[in-house]
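Chain naming follows the written order as A, B and C, and within any one chain the residues start at number 1.
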Amino acid sequence: MPDPFTPGAPADSSREAQAPAAAQAGPEVHFTPQEAAPEAQDKERQKDSLQPLMELRGVSVFYGDFEAVRDTDLPIGQNRITAMIGPSGCGKSTILRALNRMNDLIPGARVSGTVTFHGQDIYAAGVDPIQVRRRIGMVFQKPNPFPKSIYDNIAYGLRINGLKGRLDDQVEQALTGAALWDEVKDKLKMSAFALSGGQQQRLCIARAIAVQPEVILMDEPCSALDPISTGKIEDLMRELAERYTIVIVTHNMQQAARVSHFTAFFTAEVDDRQVRYGRLVEFNDTDRLFTNPTDERTEAYVTGRFG
Amino acid sequence: MTTTVPPAERAAAGPPSLRHSALAPRRRITNRVALAAITLALVVAVVPLAWVTISVLARGFEIMSWQFLTEDIPNSYRRHGPGMAPAIVGTFLITGMAALLAVPLGVFGAIYLNEYGKQKPLAQVIRTMADVMTGVPSIVMGLFIYTVVVVATGEQTGFAGSLALACLMLPIVIRSSEEILRLVPDELRQASLALGARQWRTILTVVVPAAISGIVSGALLAIARAAGETAPLVATIGIAFTVNPNLFSGQNTALPAQIFRNASQPFEGAQERAWGAALTLVVIVIVFTVLARVVVSRFAIKER
Amino acid sequence: MTTRTTQEEEAARPALTSKTGGVRAERLFSWWTLATGLLVLAVLALILITTTKQAWPVFQDMGLRFISSSTWDPNPASGNPVFGALAFIYGTAVSSLIALLIGVPISIGIALFLTELAPRRLRGSAVMVVDMLAAIPSVVFGLWGVLVLAPLLVPVYRWIHDVFAPVPGLKSIFGEPVGTGRSFMTAGIILAIMIIPIVTSISREVMSTVPQANKDAAFALGATQWEMITGAVFPHSFGGLVGAVMLGLGRAMGETIAVSLVIGGATNITPNVFAGGNSMAAVIVQQFGESTGTFTAALIGLGVVLFALTVVINVAARVVVRRAEIRVQGAAT
């Protein structure tokens, strides 16, 4: 049984025969001529072996009796950007929300299997979801700043962690980290809603990194934004990956190809009782998944034949 | 009515008339009459509103004066002349105390319903019973507090009246606050929880501030409603002719109670004072109602 | 800077199981809010229990005669006081019925106006009219009713009485009007004005849930606006309207102050709507001040009956409205 945590091995067991060959070959790096230099440097790092900060093993997510996503094995590499792609309804957002126990908020939601963080199962008895969420932050699809000032949006997370008094330095640090400081440094007391959509999303990113998480989960963070803001956030993601581990769900394949180190492809299947559910099909280096996918479903998706 | 004519015949008869007159007269007239009746309904509702307002303004102004607002109530109904100061003070004190009791409790109750209870069976029961409680006759609230407080302590006080009014206000504040909390977008709660905040902190520092203008507005409307209530006070506060600033000792009076007593008197002096008190009360109620609307429009969290 | 975790950072980071950040506060807060929610149930239960207990001696003494006897004699010259509330129950019923007959058509008309007819600009002002009606305290309506309306209505009643005098049956309903104008009819009119806001508001809510698709279907068949209303709006909202009417009934039955000022204060059972009478709520406020002991207990007993009746009607009304909502939602999907 191939170890699913070696890059290049597809998660789908029906491809077992191909796996050993792929596992034995050393990781290959594909350079496509159009790639600009900075991306090439990032991809270089894929030569290092994958150091998983978080691991999903056999994870299924249930809503009541309905098994929405089945049997997922997925490593999340430290200081890497892992993208989850696939058509609608294939469970990518569900899996993402399982990583910081946001599914707990849905009545009847249940997770089986293990989701480990630094080797510890975050769903173990005695684990406080609040602590999990302080270390694994989230940025949502539609920017959702609090109806407070820019300053107070950032300060909110800091105050939760017990910091009191003036937090100017930390606020500046967070805003700088989100590449927003220069644009807002003179208007920190303004309402967050005065910012444009792209700026609001960067504010949400700044709010998330202010509490110094180790992982940042992003649920289609650019889908509500225009192309220019999207580009800025993609650049920001690459910077953030140096300090944080990033997992991003995206509908936009090209974005995944541009930005991520590793990509997981999910799809929706129908079981013998006509019930639709989501499943992880393939996980690989982004380059390899896009240029040389092992599963034909992956190939169909990335070449645009469906989804 | 239109009878079905086979298409061939219809075509032979020429293109159909699209004019109004082509519609069968019975249908046309029925429609006109019905729509007129509907519009009339609104007009009919305006008549008493306008009439009452004009009566109160006209007759209230006749007796309105600085003395009316500051002098004690004459202790004989036969006497002419002002004032109503004890009732004005009483209304503010008693209603204010009722608000102090009912508004915080009501808001916390609404927080339970919308943030913790949600659709659970107990929450559904509380929600239904709060609705039922808004329909309980206000006289019953007065009798309740009479039985529990006045009989026990042996005296009628302004505070007993406040308790009765608070019972009246509680379900109103709960339901209106719950409506407002429901309008706060869930994304805000999710953003706060994703940062690792617990529910109580999320509620107090994100949800309630976002909802505050609506909550305040609802509270102001509940206060306006309570200020105009008479029945709960009848059994609980007794009567007073001089200002009693102490809610906890001695009987008291309020504008609605005074209007009620004076309205049933055959004496002109009493009736004049009733109109004056009515004018004062209506002004107070209008001020709170308008304030409630202003709070919502000026301070509401701007929707994206 | 590549990886963040160093040995010391690992050690400094508290475990995922540590309970910081206000766990106790969370428990306290959630219990506190639950307690305030339960307060509603507690108060309702207390109201029922304490008032029944206080009125119990009278209930025990009178038994069912409390509601079946029309003799209300709290201070008889000799013998024991008798508390038969039938006349007041009758008065409550008659005045509420008149209120519904007058008020419901008006309220539904206003609701239809607001949902179907009103041009956008007019809607706000129309809603404001209804809101203002709701804001005026009931005692002010009572004051106006007794000092302005009632005297003016006497000639109107007299005219109606004269018109129907030759008609058998109706002539006993429209009998001789009482001189002051304080009668079941006047009370019914005032009550009608006062229930308009609540019946209008619920009716409006119910009617606004009619799917545009249904209305469009009616129009597409060539219906006039009124035909659309009877064909699409009424069938869809019928259940909810019934609930709205029941809520209006509950409000009318419980209205105390305005009614007590204009209903006349006479213990009287008569089909003549222009005669004076009394209602349960009204008699309580009228006689409470001078009552003592058993008399007070009897008045509280009236309150218990009123409480029970209005709670039953309110619960039934909410159930009817909710069931109607569910039924039409099911049909729509």
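Quick note on the criterion: a contact is a pair of C-beta atoms (placed from the backbone, for glycine too) under 8 Å apart; a residue touches a chain by one contact, two chains touch by 3 or more.
If you're wondering where the values come from, they're calculated on a predicted model, not measured in any experiment.
Of all chain pairs, the one joined by the greatest number of contacting C-beta pairs is B-C.
Put simply, the chain closest to the centre of the protein, by Cα centroids, is B. Of all chains, the one whose CA centroid is most distant from that of subunit B is A.
Centre-to-centre separation between subunit B and subunit C, using Cα means, comes to 13 Å.
In whole angstrom, the spacing between the mean C-alpha positions of subunit A and subunit C is 55. Each chain gets a centre from the mean of its Cα atoms; for subunit A and subunit B, those two points are 51 Å apart. Those residues of subunit A in touch with two or more other chains are numbered 130-132, 134, 160-161. Listed for subunit B are residues 196-198, 201, each touching two or more other chains.
Across the assembly, subunit C contributes 21, 23 as residues in contact with two or more other chains. Within the complex, the subunit C residues that touch subunit A are 1-5, 10, 13-21, 23.
By the touch criterion given at the top, residues 21-23, 25-26, 29-30, 32-34, 36-41, 43-44, 46-47, 50-51, 53-54, 105-110, 112-113, 116-117, 126, 129-133, 135-144, 146-148, 193, 196, 224-227, 229, 247, 250-251, 253-257, 261, 281, 284-285, 288-289, 299-300, 303, 306-307, 310-311, 313-315, 318 of subunit C touch subunit B in their complex. Considering their complex, residues 23, 27-28, 30-31, 34-35, 37-42, 44-46, 48-49, 51-53, 55-56, 105-106, 108-109, 111-113, 115-117, 123, 125-126, 128-133, 135-141, 143-144, 146-148, 151, 167, 170-171, 174, 196-201, 203, 224-225, 227-231, 234-235, 256, 259-260, 263-264, 271, 274-275, 278, 281-282, 285-286, 289 of subunit B touch subunit C. Contact residues on subunit A toward subunit B in their complex (touch as defined above): 100, 102, 105, 130-134, 137-138, 140, 142, 144-148, 156-157, 160-161, 191, 193, 204, 207-208, 211. Those residues of subunit A lying in contact with subunit C across their complex are 78-79, 117-118, 120, 122, 126-128, 130-132, 134-135, 160-162, 214, 242-244.
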